[in-house]
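Two complexes come next, and they have one chain in common, chain A, joined by chain B in the first and chain C in the second.
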Partner chain A sequence: MPIRFDHVTYAYPATRGGAQPALVDVDLTVADGEFLGVIGHTGSGKSTLIQHINGLLLPTTGRVTVDGIDLADRTARREVRRRVGLVFQYPEHQLFADTVAEDVAFGPRALGLPAGEIEQLVITALERVGLDFCEVGHRSPFELSGGQMRRVAIAGVLATRPGTLVLDEPMAGLDPVGRGAMRELLRTLHHQGLTVIMVSHDMEDVAALADRVLVLRNGAVFACGTTSDVFSHHAELREIGLGVPRAALFAARLAARGVVLHAHPLTVEALADAIASACTSHREVG
Partner chain B sequence: MALGQYHKADSVLHRMDPRFKLVIAVVYMLVIFLANDAAGLVLVLAFLGVAVSLSGVPARLLVSGLRPVLVLVVFTFVVNLVFIRSGEPVVDIGPVSVTTGGLSTALFMATRLLALFVATALLGFTTSSVDLADGMEGLLAPFERFGVPAHELSMILSIALRFIPILTMEKDRIMRAQSARGADFETGNVITRFRAILPVLTPLFMSAFRHAEDLSTAMESRCYHGKEGRTRVKVLRPAARDWYAVAALALLGAALVALRTGAL
Partner chain C sequence: MAAGADNAYAGPAISFRDVCFRYHDDDQHVLSGISFDVAAGEHVAIVGANGSGKSTLAKLINGLLVPDSGTVTVGGYVTNDPRCTYRVRAHAGLVFQNPDDQVVTSIVRDDVAFGPENLGLSPAEIVARVEDALRTVGMWEHADDDVATLSGGQRQRVTIAGILAMRPSVLVLDEPGAMLDPRGRRGIRRVSRELHAAGMTVVVITQHMEEAVLADRVMVLDHGRIVTIGSPEEVFTDPGRLRSLGLDVPFPLLVAEALRSRGVDVPLTLDEAMLEEAICRSASTT
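Moving on to the complex of A and B:
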């Protein structure tokens, strides 16, 4: 399900005509099965961008297509909403039903999926986020822990079996354990074949998960490329107020002191491997 | 409608004592109804025009703030124009005919209504929610001896005003989140639309409670305990400009009464 942004510019109605648009001439293709990380300073247009993927916002100029379906078409939009699951920031704040099962069933019901299938969809969706239907299905979502509530909300989006999952800062406000678990969850979902687009503040999360990274700046595409490629441009990223993963920074500092690693490590594990292999080859040479 | 959409600027109207502004606005809205001929209407509008030009509020902003109520003004105009049958006929196209009486009543009603709305909007644009609450508290203070909780009421008002834009934003966010899950807020009959509100209302209430809890914690941790022993950063003290405004309003009122009684 390739997602295409074709020279998309978007200005919020409130600021139309006046200020700088929230998105400026964004051109982007996301291939099937890809994990795309979206980074950028606060206000750079990340949230605005992802709301275009299922037609919650429509481009002021330009075109967005999902699987060749133009989102400007009102009737097609409903089908796209089923194919693209969008998880907003703090999705647990959208929970409303009396029970977890009811809440997860909201999406499939609203999209008119056959009633007979809904329970199975709910069971599967909860399972995919690591929750047990028998254990939590009948409970009120509001008595769960914060991390569990977020999982329920994600299950509510997965319940319609989308092929693409879009998440706006899914780790925001989680403690380190919750963060790790969320990372694991997203990695698993990606391995199950979902296309994942994740907005994040945290370069470590992006480095650990994404295949490709899109960098936004003032609503325009600043850079877009493979994760290791984008994170090798330390100076440019720093200039626009973004960091790079600690491992990449560490490798760069080593290089500045004359120790050149042969890989571009982005995670602590990769860094350890790279240093180990550098030591080994050093020993062999010496 | 206009409350809570404060326009920050430094004008005479902004600097006025909010107590005076509130009273003047209310009295002006009553005085409008004294005008019953063209000359009176001109005076009423002139007073408002001076206020607008002194307010430092850009005309564009004022117009956009009034857009929602413009429908009502136009509706009033058309209804009066079509249904009032007194006076000479002016235009007569088939079933629609307009009389002089209809035309003048329509003009009067629409203009008065517009003046009402402009005055309200002006008050909102030039008075921050804090000032508004202070003004209300000041006006209610004399009634405290009769058990009116002036301070609490004004605190409630200012908090409510403060949260209108926040909760509006929150509502938009939740609606978009539920639309992303397939909720449909645009089509369907009354019942399906009503059912569609529930997934928005529950999270909205949750969020309002969350905000309330956060706010009360923040207030308590700054030792807020009501009015007792509380001093003010800004002490309200009427200045010359406030009395000028009162005088101008009194003049307007006197002129309108004179016009009505035929003394002018």
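Moving on to the complex of A and C:
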């Protein structure tokens, strides 16, 4: 069942009654199995929004429900926290245990699950992020590379088997190889059926992964729609300081020169397909 | 002391000769056999995967670190001669990745004045330099603001102004946009471009290839060694090689590669306009 934001407004306690709220009348539904990208300028309310999804913050007015459970209900909130896994920015900074296995086991242990079950959850969670329990389980997380540490942190969130994974800038600070691997991991987790909500400032990552995009501006919903629809509004996005994927910009440049493509490509692969088919069809006509 | 101690020095702005460096005696070398020159007024980009030694190299340029063997000279001053340390630092300004590592006071103009004050300049000279530096980075109207109220991009520009107020002839930027959103990154890029146009030697360490292709020369580091150094056109020719070095492939090259694999004959180029031209030709019926 979906995640619902029902006219949510949130003002941080310090600014309540004074300045502009951090979220303003946000109305949003995220369906099961969806991959939602959340974009917006720094300070647009992205981090505030995602902290509402597992009840770390509660709306000042309005309501957030997950699978129909109202997060304002204190006892129900515990259950929602199990269903929604939140991966913060630079999650590897929160690793703390002596071994990778201990770190990943922290969540299931906090839920009071039996030891035998916990070990299986840890093995599976590590496997899902592409790490081998026998190989890294006994090692200190701090011996691993930055990209691997981030995977361990994500495994720790997956270990409680949430149905939704919420990530705040999961690619931040990774080099191109790490970024490519992280994209692949998120794509796989999504294909396995997880609902994924990803905050990102990188339009290429959003274009490559998301089904739908939410654009926030000054805490309010500026746009929300399919990825190709949202990214077709070049001028509006540029006006609020956001970019569009380079493939879309390049397609627009070609269109201005009279080479009109039949699709609205958002990725290099889609762009190349569309150009190749434009070239071939002309050749056949000619 | 090297011959460069007077104003008539006409040698390279930066010179590395067979430089090796490691953080601890029993560790592996972070950099080894590094030799290159940067001419006065040149704009050089240093790229490489995480852990390739880029940031270490930046700290060697302004004498924050000194080589275990080999020599680094900046404006003719040898960095590991303690008598030159002061001149080396005055000559080469280093801007760190995270502006918060570099901000020392709360009011913008005081923060920028911190460096010149330590140079023992007259108060009038300091005031003039602060204004000049803040105007250069477009932050003069924020001179009396509290640094804490600024955005990340603005803070980064203030730290650059603090370096500029020392009037260095070499500016070293270590991943200047890493913590910023695209708008903040564009602002920093514009500042560094203008400084270079005004005759300053600029060395930028970056993971963004669109930034690297703007440089006169690009140096690629891999596991502490220089693998290539040359013009962007020379360095960014082989997408496969770039990937094996853990680097991003610049957008035009990616598109050209994808088109060639689909049988569309376009040149492997970094120049988007040239690529656009070739595609228009292929797609035209005449």
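As a convention for this text, the second predicted complex is superposed on the first by the 286 of 286 C-alpha atoms of A that agree within 3 Å, B and C clash if a C-alpha of one lies under 4 Å from a C-alpha of the other, contacts with A are read in each partner's own complex, and residues count from 1 in each chain.
Methods note: contacts are C-beta pairs under 8 Å (C-beta built on N, C-alpha and C of every residue); 3 or more make two chains touch, one makes a residue touch a chain.
Just so it is clear, the structure is predicted and the values come from calculations on it, not from any experiment.
Of the two partner chains placed around the shared chain by superposition, chain B is the only one that A:81 touches, whereas chain C remains out of contact.
By the touch criterion stated above, A:41 is placed in contact with chain C alone, chain B being left untouched. By the touch criterion stated above, A:254 is placed in contact with chain C alone, chain B being left untouched. In the superposed model, A:130 makes contact with neither chain B nor chain C. Once the two complexes are overlaid on the shared chain, A:176 sits against chain C while remaining clear of chain B. In the superposed model, A:275 lies in contact with chain C only, and not with chain B. In the superposed three-chain model, the partner touching more residues of chain A is C, compared with the other of chain B and chain C.
Interface residues of chain C facing chain A in the complex, by the touch rule stated above, are 49-51, 151-152, 178, 181-184, 207, 243, 246-248, 251, 254-255, 258-259, 261-264, 272, 276, 279-280, 282-286. Remark: chain A residues 51, 54, 56, 78, 81-82, 85-86, 88, 91, 93-97, 106-108, 110-111, 142, 156-157, 160 touch chain B in the complex.
Put simply, chain B touches chain A in their complex at residues 173-174, 176-184, 198-203, 206-207.
The touching residues of chain A, counted against chain C in their complex, run 41-43, 145-146, 173-178, 201, 241-243, 246-247, 250, 253-254, 257-259, 268-269, 271-273, 275-276, 278-279, 282, 285-286.
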